[in-house]
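Order as written gives the chain letters A, B, C and D; numbering starts at 1 within each chain.
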Amino acid sequence: MVSRDDVLAWIDELQKVYAANRQYLTDLDSAIGDADHGINMDRGFTTAKAELEKTPPADINAALKTVAMALIRTVGGAAGPLYGTFFMRAAAACANKQELDAADVVALFEAGLAGVIQRGKAELNDKTMVDALSPALEAMKQALQNGHGIKEMLQSATEAAETGMKNTIPLKARKGRASYLGDRSIGHQDPGATSSYLMIKTAADLWS
Amino acid sequence: MVSRDDVLAWIDELQKVYAANRQYLTDLDSAIGDADHGINMDRGFTTAKAELEKTPPADINAALKTVAMALIRTVGGAAGPLYGTFFMRAAAACANKQELDAADVVALFEAGLAGVIQRGKAELNDKTMVDALSPALEAMKQALQNGHGIKEMLQSATEAAETGMKNTIPLKARKGRASYLGDRSIGHQDPGATSSYLMIKTAADLWS
Amino acid sequence: MKKLINKPEDVVKESLAGVAAAHADLVKVHFDPNFIVRADAPVQGKVGIVSGGGSGHEPMHGGFVGKGMLDAACPGDVFTSPTPDQMEAATKAVNGGAGVLHIVKNYTGDVMNFEMAAELCQAEGIEVESVVIDDDVAVQDSLYTAGRRGVGTTVLAEKICGAAAERGDDLKTVADICRKVNANGRSMGMALTSCTVPMAGKPTFDIGPDEMEIGIGIHGEPGRERMKIKTAKEIVEMMGEAIVSDLPFKSGDQVIAMVNGMGGTPLIELYLVYNELNQFLKGKGITIARRLVGNYITSLEMAGCSITLLKADDQLLELWDAPVHTPALRWGV
Amino acid sequence: MKKLINKPEDVVKESLAGVAAAHADLVKVHFDPNFIVRADAPVQGKVGIVSGGGSGHEPMHGGFVGKGMLDAACPGDVFTSPTPDQMEAATKAVNGGAGVLHIVKNYTGDVMNFEMAAELCQAEGIEVESVVIDDDVAVQDSLYTAGRRGVGTTVLAEKICGAAAERGDDLKTVADICRKVNANGRSMGMALTSCTVPMAGKPTFDIGPDEMEIGIGIHGEPGRERMKIKTAKEIVEMMGEAIVSDLPFKSGDQVIAMVNGMGGTPLIELYLVYNELNQFLKGKGITIARRLVGNYITSLEMAGCSITLLKADDQLLELWDAPVHTPALRWGV
């Protein structure tokens, strides 16, 4: 089961992960974007963590909402509304839950991804974060059906996200800034897919 | 005696001299000015020559006036009004003369220099064309007093102008663009003094 | 990096403080969240117009806030979309009860952040319409991509919609006029040098001493083609053909033309470019009815220019000529 | 050299053609000799105001021709004084019978060429007064040298004298006001990069990637000091002290302030500089009553800025506020 504290630990760890990958994500973005994705994610999760510390949230829903608002307010660009919407919808999916079981975790990610797709209108293989999130969700659903626990479920999601992330390399971008590059976007890994992979991997490392 | 044709030959030759020294004068100006003196003199005398060819002047006065107007209209900067005034005053000094004797030649240069000084308000050792013109005039006057002919007179004037030109090297500029440089103007030969020396030397080479 | 700044992270804030100090008669600047509003906002009964985008394009948008143009501008960090809280606060600050138009340049980030802001405002009962400007002919348009970028036409749209709002048009009408401007406006840009984002500290792209980038975006995004530098005449013909053939503009058309500097190109060159554009359009039978020549939508200190043409009918010309009084654009007042 | 031009020798002519095409409602451009006049020149009974100087400083002076400012501007080649025939023709074209004021920047070439033009005009019975602007505190003043250069105060003098002439002041009064502006105005400039004169084809001076030149002239003439680049705050304090201590400006003084870009510095930085200037002057008890922030007297594409302060009394402020309608400066109309 995933408790409020597990969610807080996740955000806490995500802040460290994005700080550590700030340069890596920015370098990926400099190849096909505007060289700020790592800076954006670092800023967003640093704020999210600080807000959560300033006003400890009553429950999971409140925690995720706080993260959403922090990302929306401080990230900007494409990633701000996308991840902001992800957490806003995820929060709604957890309303009134003190703990999440495996099905709730799937519901959380499913709602989040639906928000990303509604906001960004990207389809699979547009070379965006959807290319990591979507296979991850599929893997979770499969694992849930197979009766796996949260840990295994998130581990297969992480593997699927990593594959999806790597699969963005040969793709030509059709959404976001990278799409202006046309064919020149081919051969580079999408920064948003990478930050999404890290998000799922971090959950897999912490939750069980 | 100096005839109208001698004056025309002088202008003709000056055009060649300034064309040949275009880069040299410009390089001198680039050290302490704005790198255009050679360009300016070349443009001015090319126009003067063309105008004289288009409308052949009736006499010396008309020839010098045409040169004055050409320089005023096309040289610009400091050299335009200064040399323009030189030729305008020189023309006035030759009014109604079909030929110039040694004393007339002195009068021509004396009037011209007076115009330059009135226009530019430079004194000796301000590091300007006056530093070449003024000793040259003194030398002419001396030669005239000593009963020398035009040729010898202009030869001593040339020597005096050359010495005056070289003497500008250690001077600190107090007039014109070079004066903004203060001490940084020291150690460079003044471009205007150099073009003035060339003007006198060319007369000395042609007139007798 | 050589800039007249203190710390790179303070550039936007300190520059806004300068705007506040310089133009207190025209605008008020709010910090945290950052936005610039007309000094007399909200104007009761008038449709409010809010725009915004990354900083580094000055005078756009802050320089266009004032009577007859924008009610508010939301500046993001340099070349970074502002966030929904800025737009929400700005929208509330200018809402005079007749609804608010968001004029958005078509960049994924800008579009999504404005969309969230619009949802937040609508949730609070403020009527919001959004129009996305996508006029850059350098970018291939397609339903399956992010589409064309929003560039120079934004300036013209803000002026014209501002006039419509000022005379009392309702929200739907102002939004329709904005869509009409977008439908009839086309732009293209080129660069001779790169710009340097203060936080990045180094030029956005490398370019050789004899090269230019044609079809560049206003954030230093690569353009259609990198090529050897050409004469102003050839450059204008190249960009002019791309623009004219796209709408297409036709013989007999009247246009509002903008020759816009990217920030580092001097006015003497922009007028020279305008001269070439004027000749070029004359040759096509197209008449320049109104024009702007200068720096209006820039990319920091980039050298280069863009050309915008807006096919204009009497309605648009009348709105163009209406009084405007902002820090960067002023006439009739 | 990267510029939006055709042939270097045609830059001035073709740029003037652009001005003519863009601003036919405001000005007429004459070629051979080159000068720009108000569309309604000569204005009968009004004192005419003529200025001029090398090109490359746009919008100065051509951008300041129009109602309430200059009657004519004479553009020379880039960074080269115009010639007396231009000034003579311009003076005749704007003479409405009340005499003509020549506003001249203090450079040997400009001064002497305007002097010759004045003599030519006076010989033909036109009353001409000349005022030489010499406001650059970076240059040591002395009776025995060419004196200080004329820079930013020229812009303010042209605006203020234009207003005086427009309201009907006579030649002596307008000239006296011009002298008063010059006596109360002080400027200083700095550069981060060099400019490139089109005909020269290479930068006027070399400067390291971490250096700046303080006290530079508007033609790239060397300044007071070459030093490592500093923050905007330090730069403003350095230039501010030099300017304030020179007049001196004192606590309680009101000023018209101009933060001027040299051509290649973006507006976002100029507003940041204005913010620093505002703070700096506040600390000295000096109030900015009016201001200009933007590119007004430039050095082609040079990056950098200059600061001009003019101590202003009610008379000067009233003239400053009077309507002006030119390509580059417009209010009240």
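What to note about this one:
Methods note: a residue touches a chain if its C-beta (ideal position, glycine included) is under 8 Å from a C-beta of that chain, and two chains touch if they have at least 3 such contacts.
What you see is a predicted model; the values in this text were computed from it and never measured.
Shared contact partners of subunit C and subunit D are absent. Between the Cα centres of subunit B and subunit C there is a gap of 56 Å.
Subunit A and subunit B have centres, each the mean of its CA atoms, that are 80 Å apart. Computed centre separation for the pair subunit A/subunit C is 33 angstrom, with centres defined by C-alpha atoms.
Looking at which chains touch one another, you get A-C, B-D, C-D. Residues 33, 76-77, 79-85, 107-109, 112-113, 115-116, 139-140, 144-146, 149, 199-200, 217, 219, 221-222 of subunit D are the ones that touch subunit B when the two sit in their complex. Taken together, the subunit A residues at the contact with subunit C in this complex read 34-36, 39-40, 72-78, 80-82, 84-85, 119-120, 174-177, 179-182, 184. Within the complex formed with subunit C, the subunit D residues making contact are 2-7, 11-12, 14-19, 21-22, 55-56, 58-59, 63, 78, 192-193, 209-210, 212, 229, 231-233, 235, 263-276, 278, 288, 291, 293, 295, 298, 300-301, 303-305, 330-331, 333.
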